[in-house]
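So that we are looking at the same thing, I have put the structure below in structure tokens.
Order as written gives the chain letters A, B, C and D; numbering starts at 1 within each chain.
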Amino acid sequence: MSALFQVENLSKSFGGLAVSRDISLSMPAGERLALIGPNGAGKTTFVNLVTGQLKPSAGRVLLNGQDITQLGAVRRVRKGLVRTFQVTRLFSDLTPEEHVTLAVLQREGKATRILSRFHGNSHVADEVNGILATLGLHEVARRKVGQIAYGQQRLLEIAIALALKPKVLLLDEPAAGVPSADTPRIEQALERLPPSLAVLMIEHDMDLVFRFAKRVVVLAAGEIIFEGLPSEVAADPRVREAYLGNYANARSIA
Amino acid sequence: MHIIAHEGTVAARPKARSRWWRDAAGIALIAACGAAGFWLFPDNLALLTRIVAVALLVLSIDLIVGYCGVATLGQAALFGAGAYAAGIACVNGVTEPMTLIAIGAAAGAVAGLLMGAIMLRAHGLAQLVLSIAIVQLFHEAANKASAYTGGSDGLAGLMVSPLFGLFEFDLWGRTAYLMGLALLLLVFIALKFVVASPFGMLCRGIKQDPIRIRAMGAFVFPVLLKMFVISGAVAGMGGALAAISTQVVGLDSVSFELSANALVMLVLGGLGTLYGALVGTVIFMGFEHVVSAFNPFHWMTMVGALLIAVVLAAPGGLSSLMEKVSASKGRSS
Amino acid sequence: MTRGKRILGAAVGALLIGSAAAYADTVKVGIIGPFSGPFALQGKNFQAGVEAYMALNGKSVKGHDIEVIYRDLPAANPAQSRALAQELVVKEKVQYLGGVYFTPDAMAITPLLAQANTPLVIFNAATSAIMNTSPLVVRTSFTTAQTTNPLGKIASDEGVKKAITVVSDYGPGVDAENAFKKAFEAAGGQVVEAIRMPMNTTDFSPIMQRVRDSGAAGVFAFLPSGPPTLGFVKAFNETGLKKAGIKFYAPGDLTQESDLPALGEAAEGLKTGFHYSVAHDSPENKKFVEAATKAIGSADQLSFPAVGAYDGMHVIYKMIEATDGKQDAKKAVDAVKGLSWTSPRGPVRIEPETRHITQNIYLREVAKGADGKYINKEIQTFPDQKDPGLATQ
Amino acid sequence: MASATLFIQFRTSKRKGSMQTILSIAIDALAFGMVLFIICIGLSLTMGLMRVVNLAHGAFAMIAGYIASYAARDLGLGYAAGIFLAIIGTIVISVPLERFLYRRIYGSPELTQVLMTIGLTFCVIGITNYFFGPTLKTIPLPQALSQPVDVGFRTIAAHRLFVIACGAVVAGGLWYLIERTDFGIKLRATVDNAAMSDALGVRTQVVYAISFAIAIGLAALGGVVGAEFLPIEPYYALRYMVTFLVVVSVGGAGSIPGALIACLVLGLVDTTGRYLMPEFGNFFFYAAVILIVCLFPRGFLGRAQ
């Protein structure tokens, strides 16, 4: 098995209501996969199941062939399964530099140290500056997050994730809420992600999906209804049905 | 990229240095204020010592409330644990003051561990209520165990030997005050290091968004528990200092009232800066002392009015007011 | 602010007395008591007793003007107590300390006395052990054991064979429980059950249920004066224990005069043992009540801490007289050892060995007075009672 | 609750072996619980619905007690008039406070609210002490309520039955108000989303002001009818603050049934604890609080925050 990350028959129901049904996925290293689906398709539940916020009713999650279904959210991150948030979760009075420093220190197991200083730690400074520069955040590295543009905050979400050196990266709508003028910067950042990294992107912006993803999975009503190349998605009748319902005469899903 | 990184590190130095200078200046200022208190109010040293002991308690609350976002109305449980441990040790023949402080710190830390382990199971209002329940249980236990604690009559007869074998704890309270002041400064410096450490930053992160911290792969519970232990040690030292300087430990040192007063002092001064804790304690207790001497019968109204006025004028606490005044120009952005 | 006030006070004083007396020295007395907070009433009584004494006996002794400085200590808080005492001695230069409502507060002050060369006259704090912590302490109040002791014999005399004790679960409560048990069993009775209630109890009906279940014919109760006494007495009536003829005995804290208007009819007939009733019939008391009522402002608020303070001031005046205004704590205390006088409460004496007050203990019954207000009517006198708590040590 | 009853049965079977004791305790617990409920439900509403930690709640109950005592005892107007005047008077006093003080702290951090309401409590205590003195104030009960009533297995003060009835009426009335009336709909909408309600034409400021007045009115009612349990004196406002706060949190702020359950359960724990082993009464109570809070972190029926 060359799959780095696998989801097997994942199901979740709340009471009698099944919100995820029998979802299976497999991703090799370096994969660029997009997960799309209409509102209410169960994307958020899927993310929560994969990251460990929710426990599945049935099925397994595997990373590097190891079953991580029973692990909590924190341990999954430590194994290399890292996510970003759809609505940014950042510390408004800290700077991007501080965010990324904290993430690097945490990865190195030094974040709980009391007898060293957080600032002026030259050992991690180079790495932190490198990450910030890659994402074009070096200019705002010292500003409080509350004062930088939303697009930059989205990039910072990715920067934090990269600082954790993930094997699998879950991007939860990385361009959500970003003004269209700034979207290219996000795209650029996504193109520069380390090649060996497996990236699962959940996204609404179809332009972004088509440019970024090598493979697309469509989720509707908690089930995978399509899996294939981006170019094939628009033509699939079930996808059209799921997105457009009765408005079958609409031409494009974008 | 190299150039950028280089620029970054170059820029980092003055900033870290300015931060360091600011803290050094702050600590020098505290030392100067403490010394000024010693020279200006030589007749009020017992009051000043009490302020120092309570300041340690308020600092310990700031660690939990201001840096971790865990609300507590039961911190006196940790203060009292330190006070009783030091008191009981003293009555049983351990009379060296530094040892007593260490015993107080240890007892406070253990109590902090216990309290944290219970309180961290809940959030918000429920957490607050747990803290109240815990301090009430401590109070009840201290009342019950009167064979060891003296119960409501207080644990009396603490004969502390002279500090370093030289300086007596006497009527004028010079030794107690200077020892307390030195202790406060040391603790303050240590806490400045703690909050400036990666651990301190992690706590600040947890306060704002524990989910983000978990998504970074850090466990929240052990970090907060660790802070509870540190906080307990600080509060315990405050309790031990109070026990040494008063030579009596009363049930008031494990009371809800003390916890609530201390929290009020902290909020009055401002959360999450450590300076606010000191400012709040000094202002509250100083104000209380002055108005209660001025009118022993109806001073409570004036203290109440002060609190209301502070909320209306400076909702972020007095230290935020000072920041606002000092930075009034640069704040337009 | 305090310094400003002091200067102002001195200036005003100089003006009033005039230049001739301006050379007369001032002896300062520091009074620590609960003047605000939950026990403010007791503190007000301290003040009333002090002011009544000074109104009746003048504000100077042998040409030494007496200035009283009050300091507020709202609840038991030894650290604050020590700080206040230290400030009074070191900064305000008081020669005498007085007041103190709670035992731990007194315990925090006594270690300072020798070094401060200052006597402490306790107006209230009622635990026996305080007297052993310093030879410079004199007490003009009572001890719980002292007021409880006669009740054991009374209960037995009234035919109670089995009794239950119900006390607040703290130092004085436990003292009272022990004192009653000892006295009652010495008189041939048997305490069948001893209940200790948490201090913050507000609903006493479950306790009364226990009393009923115990099958005791009499109940001995001790609660500190304050709001809970109201609930306790009401519960005793409402649960029908009073009607069932169960005898009730308690030290007088429970029927403090200031609580009687609130207790009203519910308290009628309750028998308590205490050292002082505002209704005590003597010329000394009449004079005292008149002066103290004027000082406190309302007759309803006057009760026992005032007499402790009044007699305390008497002791302090005698000390000033003996030392002629000079600061000499030992001489001052020695001067009042064995001192006896007629207090508003009756004949009293400072016991030379213990420095505690020896006095009559009265058995009183709550009854309607001449003006229709409820009073503690004295029905039996136990003369010359020492503190049994100290006597045994 | 069932297991607690069994436990009592077990203990008392050794002691006396009668149903009487169990019923007796239950009815005492019920009366005490209802007093707590009437006072605390107002606090629960302000904390849960308006998100204001109003530590001065007890101060309002105390003000009502003073007014009732003055009206019923000093003016001789009687108990019913005393209750009525106390509620009206307390609300009248609270209106300017709401306008000029509380309105500034709606939406402030909780600790800021704590600071201000504690300050307000201090002021109220100081002022009451100044004007009314530190003695206990009673509210004389009418003849009908002060008599013991024989309820078969024991005698109970009629007043206790009255309190139980008051509690039931308050619970039912509030439920009706919030679930069944127009105002209730507006209140719930404002709580869920103030901005949206504003946009829909609900005058949220008015809704807040009315809710605040209702909460204060309930505190006033509780202060007066509960005065037999919690006597009126200046320190009232601080003395019972912890109890009120604990009850509200255990019930879950903002929930009427939650508060009711909390009052009854805590009343039962308190009463039975004090009966079975009085010397450990407080241990019982606070251990129960810790247990409940650990099992129900949002309170019995608390809203998700």
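Throughout what follows, contacts are C-beta pairs under 8 Å (C-beta built on N, C-alpha and C of every residue); 3 or more make two chains touch, one makes a residue touch a chain.
This one's a predicted model, so the numbers in the text were calculated from it and none came from an experiment.
K.L.:
Return the chain whose centre of C-alpha atoms lies at maximal distance from the corresponding centre of subunit C.
P.N.:
Of all chains, A has its centre farthest from that of subunit C.
K.L.:
From the mean C-alpha coordinate of subunit A to that of subunit D, what's the distance rounded to whole Å?
P.N.:
Taking the average C-alpha coordinate of subunit A and of subunit D, the gap between them is 49 Å.
K.L.:
Roughly how far is subunit B from subunit D, going centre to centre by Cα mean, in whole Å?
P.N.:
About 33 Å, centre to centre.
K.L.:
So what's the Cα centroid distance for subunit B and subunit C, whole Å?
P.N.:
Computed from C-alpha means, the inter-chain centre distance equals 37 Å.
K.L.:
Once you find the CA centre of subunit A and the CA centre of subunit C, what distance in Å lies between them?
P.N.:
From the centre of subunit A to the centre of subunit C is 74 Å.
K.L.:
Touching two or more other chains, which residues of subunit A qualify?
P.N.:
none
K.L.:
Considering subunit D alone, which of its residues make contact with at least two other chains?
P.N.:
Only 126, 129, 279, 282 qualify.
K.L.:
For subunit C, which residues are shared contacts with two or more other chains?
P.N.:
Touching at least two other chains: 36-37, 40, 44, 169, 198.
K.L.:
Provide the full list of chain pairs in touch.
P.N.:
Between chains, contact exists in these pairs: A-B, B-C, B-D, C-D.
K.L.:
For a test of understanding, state which residues of subunit C touch subunit B in their complex under the given definition.
P.N.:
1-2, 5, 35-37, 40, 43-44, 70-72, 75-80, 82-83, 85-87, 89-91, 103-105, 107-108, 111-112, 115-116, 127, 129, 133, 169-172, 174, 198-199
K.L.:
Of all residues in subunit B, which touch subunit A in the complex?
P.N.:
Interface residues on subunit B, with respect to subunit A: 1, 4-5, 7-9, 11-13, 15-16, 19, 193-194, 196-202, 204-205, 208-209, 211-212, 214-219, 222-223, 226, 230, 333.
K.L.:
Please name which positions on subunit A make contact with subunit B in the complex.
P.N.:
51, 73-74, 77-78, 82-83, 85, 89-94, 97-98, 101-103, 105-107, 110-120, 122, 125-126, 129-130, 132-134, 138, 141-142, 147, 160, 164
K.L.:
Inside the complex, what are the residues of subunit D that reach subunit C?
P.N.:
15-16, 21, 24-25, 28, 32, 126, 129, 133-138, 140, 148, 154-157, 160, 228-231, 233-236, 238-240, 270-272, 274-275, 278-279, 281-282
K.L.:
Quick one: in the complex, what on subunit C touches subunit D?
P.N.:
Touching subunit D: residues 36-38, 40-41, 44, 169, 195-198, 200-203, 205-207, 209-210, 213, 227-228, 230-231, 234, 237-240, 243, 258-259, 261-262, 264, 297-298, 300-301 of subunit C.
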